[in-house]
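Note that the chains are named A, B, C and D in the order they appear, and that numbering of residues resets to 1 at the start of each chain.
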């Protein structure tokens, strides 16, 4: 489970896990060594420093040691920040840029359900019996044809494969519904973004494998927050 | 309070018979009148905002320095009064000026092209 | 003849009892409010409020109900309403209505009733045209989980049709409605041999646990009072003793009040945690209903942070700061007492809703569009009282903030200069400064929310052009400094404990102080990382990412300083040392897992999943709670004059340390697999196994705390006596007698200094005098 | 190391904290349950708590048992601890009003108010889309009727199409044009008058508090005359404070009924809650003042306990300081 291997999440996780292990092992090794090496063997041994109540003890510091464990983590943190900064562009798309080749959908959240609107069509190319390829627009099992302007409200989202999907996130606000925060969260590609009443937010991801994946609601939205589920079907060839 | 210990306050008291608080009071009254008047000069809104903000700062200084006698008291008290304004500025930068409509998209100077490709 | 003072004493008792009666009456008043917009949210158990007239002669019959349902099959139900003496308008239109609810399964219309009945939020009712008849056919499809009992509630309404044609306002007078309830057990529930245990209503479990806790607590109070002076054990003595505690302004007694209050609520918070951990043990569990689960985790979060962690920090701050800086008492003693009582009474408001089953279910972060929403799908009725409680918490923390900053700034004894203060005092000073400057943002945000819910302002309402993210900004501007406020005192405790246990002075005192100040400042410019996926505008997200990365550095410096303190020491393993070392292990792990969030690529996956829950429990439980446990074992002898039992302490440490890691480590894996936070149930079966392991270790951790409770109560009388300085510490509190006298120092001590240095010139500006540790006079 | 003549400072218990906290709880409980009765009881218990607090602290006979504690060491060496305490408390007040302004400015930069309309009108004039000779003010008048409801068609012609249907977003659920209080207040002088008088009143009340303190500290005044002067100056401050509150309520009433500027609009919520919070601070100041006046009336003030008036003056000047910024921000632009 969790994000697919081709997502940016996995590559970042590798780096972060590696550096966490390095820092963790260094610190804990030092801790356990110190505990064992400098524990009190017998209560009679003379204490290294006379701590008498009411007297501020002798200050111990060693500038070079302190500078090293200030500079070294800063270098590591700056290196990690540089990587983090670069990952930002691939995850957060500029909401107002209108480039054409993204496959656009609109995800509309209402209290305890999802509506999906499509602005492009999914083309399926099959080899029919006469041996040549035919491309036809994909129709869902319940019979809606995924073309510009199509709408599925039964909790199923259909997506093409290998296309950059740009989802516009909106909260249903037709006066009857109570507009609250929701957030479509698809663990398969490790993306989520809040739907905020009043403004349109957006998120973008690229499915690379066909299959059916879960869509959860990730921002607390009331009584049935845990029932607000949907299925994402990636259809078509992923050649 | 009123002991006129600083030089120019004693001089002001001798010359005009009224101490610094009276003149501070008059000073503030005059500036309030200016402020209300500025609104009716139908300047462009930029000019009115500038006028109002500057009069506001002057009156702020007048009250804080003389009525609250920060001018006479130890400097540490002025430090205590000014210290939270750093956090008010942080609050303004974070909350007041980052409206959803306010700033959109990443400015070009801070989105370097992605060098390493992330697909394994 | 009753002497004057005796009389005075009498009306003092009358005043106390009056206050007590008001206090109890307020806490018990029920909270059940039904909205003009229809039935209260507990789906329809109280009939339909839209029509006047109680359940008169109307009868509601539902036939076609099976005696036990098979999963997935659908049953045809025929609902008929009959009331002989109410005829509909000309017997053909506007005659009756119905509202059918079921706790599970789905509804749909009978064959030729498609346009006469409509499915509406969790139930089924008549349509406009369906109003013209008194019997309808609906189809109920049973849920596939057969191991449960499904309860049905039907409201039938015989209408006399006087609404036709005239103004609808009085149209619903004269109708008579009535309610029919039935429950159908699933096939597995009955036949499968599972004995049908009566489902304990979780709210009763919670309320029983809390009232049992309070009863136990007051019994313990009377017992402790009895033990003080067995012969003075009469009502007059009790009221006199109670008066001492209710009117105390001495920093030690207020500290004890804070400690007992926070320990009681630590246990209550634990009860809520264990209850919803049971709910999350297996997939598709229904031990708690969704409302109960939502209000339980809200109260768990708020109780643990505001009513357990911060009061315990305030308890140790109250007790130890005046002793460490050599002051007789805090700068403003009564403001200190008011700080505590505001907190105590705010807990009544926070828990006001729970008594009526309408506890606040808006999460401890109270995000705006949901928390200020009223009505059926909105926040529950107890939320308004909950928000009022949060405002009172704000007042209490501001009062104690101004008190501690003033005390540390103005009442340090000679010799205790800025650069020679114990590190615990430094950490409390920086923590209170941060709390004090960040709290107004929360108070203003909560006041806006409170007015939105009470007098109808529209601050966060997108419909009038408002901006829901304003609440997130205001809350997290307070929220992030708040989590540093909760962790810095634990840093202070660990610095003291490690230095005393290793019998060496802290390594790099000045760099530790700088790290504290660094965290204090950086804490204010990073709050955005809680909202990276909440539609903030992108430039601000970038800035917040960069600043959040920097925060790890001062914390890293502190951890390395603690390790260097152990170098060359002769470490003795008392219980408080074990807790401090446990802190080092778990807090470091929490700190490292915290570094995963500022990264855009990771945060879009990790936000609001169990990885976040794992991180902040490692930092809060592993950090603050372990630090506070270490403080309890370290300073209990100073407060009481007797040590806590080491064997019980060791047992408590081992069980809690293992159970803590067992509870929160698997949550990292759940987070990576994408299990969202605040979910009442999950249907992904692969998560069940991890969750049940978490639940099991959470229960062990919960019950392990009873060992500490017993240890505290027992050692109060039977603990091993100890002198002024049981652990060999150096700071001023170890120079007074173990239970220190009141006021704490009869004459103000002077703290010497072991660092031989030439006497600097006393001149220079304020900052240089602070740095060189020289006093002007 | 002088600790004043007082050694067992703060040793005695006091009922005030628990009563005041109980009062706050009842007040908030009543307000949440929207029952005026419980809210009133809460307020009464709170004020009873405050009066027990002061009675313990400032007994009527003017001889404070508690000598004023001096602070030791850097940074407030030698200063009264209560003076340092007041300034530290004002730090929190600065942050509270800072948050009020932060939230308000977030809204103002995001709103579509009469500013943007004037800008668009100016733009239309500069790009000569508007009729020759039209000024921003005249176009603004055409776009907004005197009842301040947007008139789309006239506005469209006046600005040559710059301010059209999409500008008003009338069909979307969020009405974009936000009426700000300043729009109504600067519209006619009658609505601005109470605000202006209030500003003068508050500055005058600051001055009278300063005079009261000077009179109390003045040693060469005969005590009888001194007490009367202190009491009268404080009474003047009380009068001005109540005048401020009355005019504010009158102005609110005028705005709500004549201009329909209610709390259900966004701008209205911000306007009423911010000026209301400032009003609560003024009201709390007046409650303190009644106690001070009663103490002055029975001759409680002399030069060595007058610093309590000085500390009260600091709080009162801060409330005036907050108004100095609120007034232009909410009333004038």
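General observations
The working rule: a contact is a pair of C-beta atoms (placed from the backbone, for glycine too) under 8 Å apart; a residue touches a chain by one contact, two chains touch by 3 or more.
From a predicted model like this one, the values you see are computed outputs, not experimental measurements.
Distance from chain D peaks, on a Cα-centroid basis, for A. This structure's chain pair with the greatest number of C-beta contacts is A-C. With centres taken as mean C-alpha coordinates, the chain found closest to the middle of all protein C-alpha atoms is C. Inter-chain centre distance (chain B to chain D, centres taken as mean C-alpha positions): 17 Å.
Look at where the CA atoms of chain A average out and do the same for chain B: the two points lie 43 Å apart. Chain geometry summary: the mean Cα position of chain C and that of chain D are 33 Å apart. Touching of two or more other chains is recorded for residues 76, 79, 84, 87, 91, 95, 98-102, 104-106, 118 of chain B.
Residue positions of chain C touching 2 or more other chains: 437-438, 441, 462-463, 465-467, 469-470, 473-474, 477, 535, 538, 542, 601, 766. Annotation for chain A: residues touching 2 or more other chains are 8, 11-12, 85, 87-88, 90, 92, 94-95, 173, 196, 198-199. Within the complex formed with chain D, the chain C residues making contact are 15, 19, 22-23, 26, 243-244, 246-250, 328-335, 337-338, 340-342, 344-346, 348-349, 352, 384-385, 387-389, 391-392, 395, 398, 401-402, 405-406, 409-414, 416-418, 436-441, 443-445, 447-448, 450-451, 454-459, 461-467, 470, 473-474, 477, 742-743, 748, 766, 769-770, 775-777. Residue ranges on chain C touching chain A, taken from their complex, read 41, 290-291, 294, 361-363, 367, 369-370, 373, 375, 377-379, 415, 420, 462-463, 465-469, 499-500, 502-511, 533-535, 538, 541-542, 545-546, 549-550, 552-553, 556-557, 559-561, 563-564, 566-573, 581, 584-585, 588-589, 592-593, 595-596, 598-602, 604-605, 607-609, 672-674, 676-684, 686, 724-725, 728-732, 734-735, 749, 751-755. Only residues 75-76, 79, 83-84, 87-88, 90-92, 94-95, 98-99, 101-103, 105-106, 109-110, 115, 118-119, 122, 136-137, 186, 192, 196, 199-200, 203-204, 206-207, 210-211, 213-214, 217-218, 310, 313-314, 317-318, 320-321, 324-325, 327-329, 332-333 of chain D touch chain B when the two sit together in their complex.
Residues 1-3, 8-9, 11-13, 16, 20, 23-24, 27-28, 30-31, 34-35, 38-41, 43, 45, 47-49, 51-62, 65-66, 69-70, 73-74, 77-78, 80-81, 83-85, 87-88, 90-92, 94-95, 111, 169, 171, 173, 178-181, 183, 185, 187, 190-199, 201, 203, 214, 216-227, 229 of chain A are the ones touching chain C in the complex. Chain B makes touch with chain C in their complex at residues 75-76, 79, 84, 87, 90-91, 94-95, 98-100, 102-107, 110, 118.
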